[in-house]
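Below, chain A partners chain B and then partners chain C, in two separate complexes.
== the complex of A and B ==
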């Protein structure tokens, strides 16, 4: 079922067009890699603030309101460019172990801010100015940094398992 | 530069909370990363193929995957015992091949080709096609420039 869907995407006009293009594929690929800086770079700034490493004197909520819109913009570009790359390689990606691990990690890294925002971040006013934030916030930050690093590695590894 | 050598003096080790030692480690790490980048063109030759295992494949094309990031084509090879084996050949992407005059229709199913390449490390029936002799007699480099494999035209020869 899922495999058929991947094959259908792969065989579609858009998928084939990207796969066989001279410029479109490398351009999308380059955008996807460059935007890591916008997405993961801003995620790292916020995570490092939660860990008390950078912007120590800035209230957490202020860092969040300035940084997170950029994170979302980065995420949008990553999602679209990543999906286009997948579209062109879907049938190969389906069986690719690195791609499967990456999707799994992406699901986990998506769960992390969801839990963070609906639990410990609700009480941010109580610890907004603290250099070192509550343990749950620091755990969220540490797992976010670790997961994103693993996602980039898994993404890079896709090329080595693509047959 | 003096502080660099004077590592025994504790004050010289501390710069705005970051020790000189940390700075040196970070610097070396960055340098190592920068030196590694040219090896990761897309994926390096040596990640998948063994430069000590050259192979010549002569056979009939059965399939062509004109695709990014690497074009693959498959050929049927008849062994001495009459048994036919299907081999995969990896080359550069469509853009790289087009720049060398290898068009999409330069190779068709049913064509006879000769491939000089290197076997995959995992021992599968896959080769990096370094040179392909097309049906019209042209011999074209099939590798990805900068992949560090044999005959890489972008690699500078030592002393050259």
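== the complex of A and C ==
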């Protein structure tokens, strides 16, 4: 069923239009690649704060409230541009191992802040100003950094497997 | 590296990861100048704290970039996107470290805008190398 859905997207007017245009696909792709800096760059800075590497004089919650809106803006652009790219290549992406790995990793990287937010971040007032945050917060930061790095690599690899 | 299937791909991924950090720092510092993001820090203090990451990601980008270049130097030499990227890169780095960080007051916003534009040129030209 998923495969049929991907084929239907691929064959649709919009999917075909993006794929067959000389300019549209590369432009969307360029937006997608450059916006990585906004999404993952800001995530990395927050994670590095949790690890006690940067912005040590700034309370964790204040870094979160100021920098995460930028992250969400980046996410919105990444989601829309990424979906448009998928739309035009859906039938090929479906069978692409790098694409499948990337989606799996994206699910995991989405789960990570959810768990973080509803567990250790609840008690942030107790460790807000500390340079060295609790182990669970540091683990969340380390897994976030690792997952995002793998997502970028998997994303790049999609083009290698696309036939 | 020309004979390995994986080496080029791996170096390319390292290049992409380091540019994420590089672009992330530039964005956070420059957006702060426009009052977006980490407002509880002054733009100068923010830049100072993030500078080591900027420098390291520049070093990793440069090394991985040279390795990528070594795969097809002649092709790159004649590639207009590659030339535009090198030119805008030199200007962007010089502007960021030698001019922008010395400006304050009303000039700071202009400098932030120029810096963002210059780095955008680097990114766009870099992406275009593979398309031309």
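One rule holds in what follows: the second predicted complex is superposed on the first by the 163 of 163 C-alpha atoms of A that agree within 3 Å, B and C clash if a C-alpha of one lies under 4 Å from a C-alpha of the other, contacts with A are read in each partner's own complex, and residues count from 1 in each chain.
Heads up, the rule we're going with is that a contact is a pair of C-beta atoms (placed from the backbone, for glycine too) under 8 Å apart; a residue touches a chain by one contact, two chains touch by 3 or more.
Being a predicted model, the structure only gives us computed values, none of them experimental.
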{"item": "Room on chain A for both chain B and chain C (clash or fit)", "value": "clash"}
{"item": "Broader residue contact with chain A after superposition on the shared chain, chain B or chain C", "value": "C"}
{"item": "Which superposed partner A:37 touches (first chain B, second chain C, both, neither)", "value": "second"}
{"item": "Partner chain in contact with A:160 - chain B first, chain C second, else both or neither", "value": "both"}
{"item": "Partner chain(s) touched by A:88 [first = chain B, second = chain C, both, neither]", "value": "first"}
{"item": "Touching partner for A:20 - first (chain B), second (chain C), both, neither", "value": "first"}
{"item": "Partner chain(s) touched by A:149 [first = chain B, second = chain C, both, neither]", "value": "second"}
{"item": "Superposed model, chain B segment overlapping chain C, candidates 7-15, 25-33 or 79-87", "value": "25-33"}
{"item": "Shared chain A surface residues [contacts with chain B and with chain C]", "value": "26, 29, 160"}
{"item": "Complex contact set, residues of chain A against chain C", "value": "26, 29-30, 33-34, 36-38, 40-42, 44-45, 48, 54-55, 58, 62-63, 66-67, 69-70, 149, 152-153, 156-157, 160"}
{"item": "Parts of chain B lying in touch with chain A, wherever the complex brings them together", "value": "42-43, 47-48, 66-70, 88, 93-95, 98, 104, 126"}
{"item": "Chain A partner contacts - residues on chain C that touch it in the complex", "value": "9, 12-13, 16-17, 19-28, 31, 36-41, 49-50, 53, 120, 123-124, 127, 131"}
{"item": "List of chain A residues in touch with chain B within their complex", "value": "18-23, 25-26, 29, 88-89, 159-160, 162-163"}
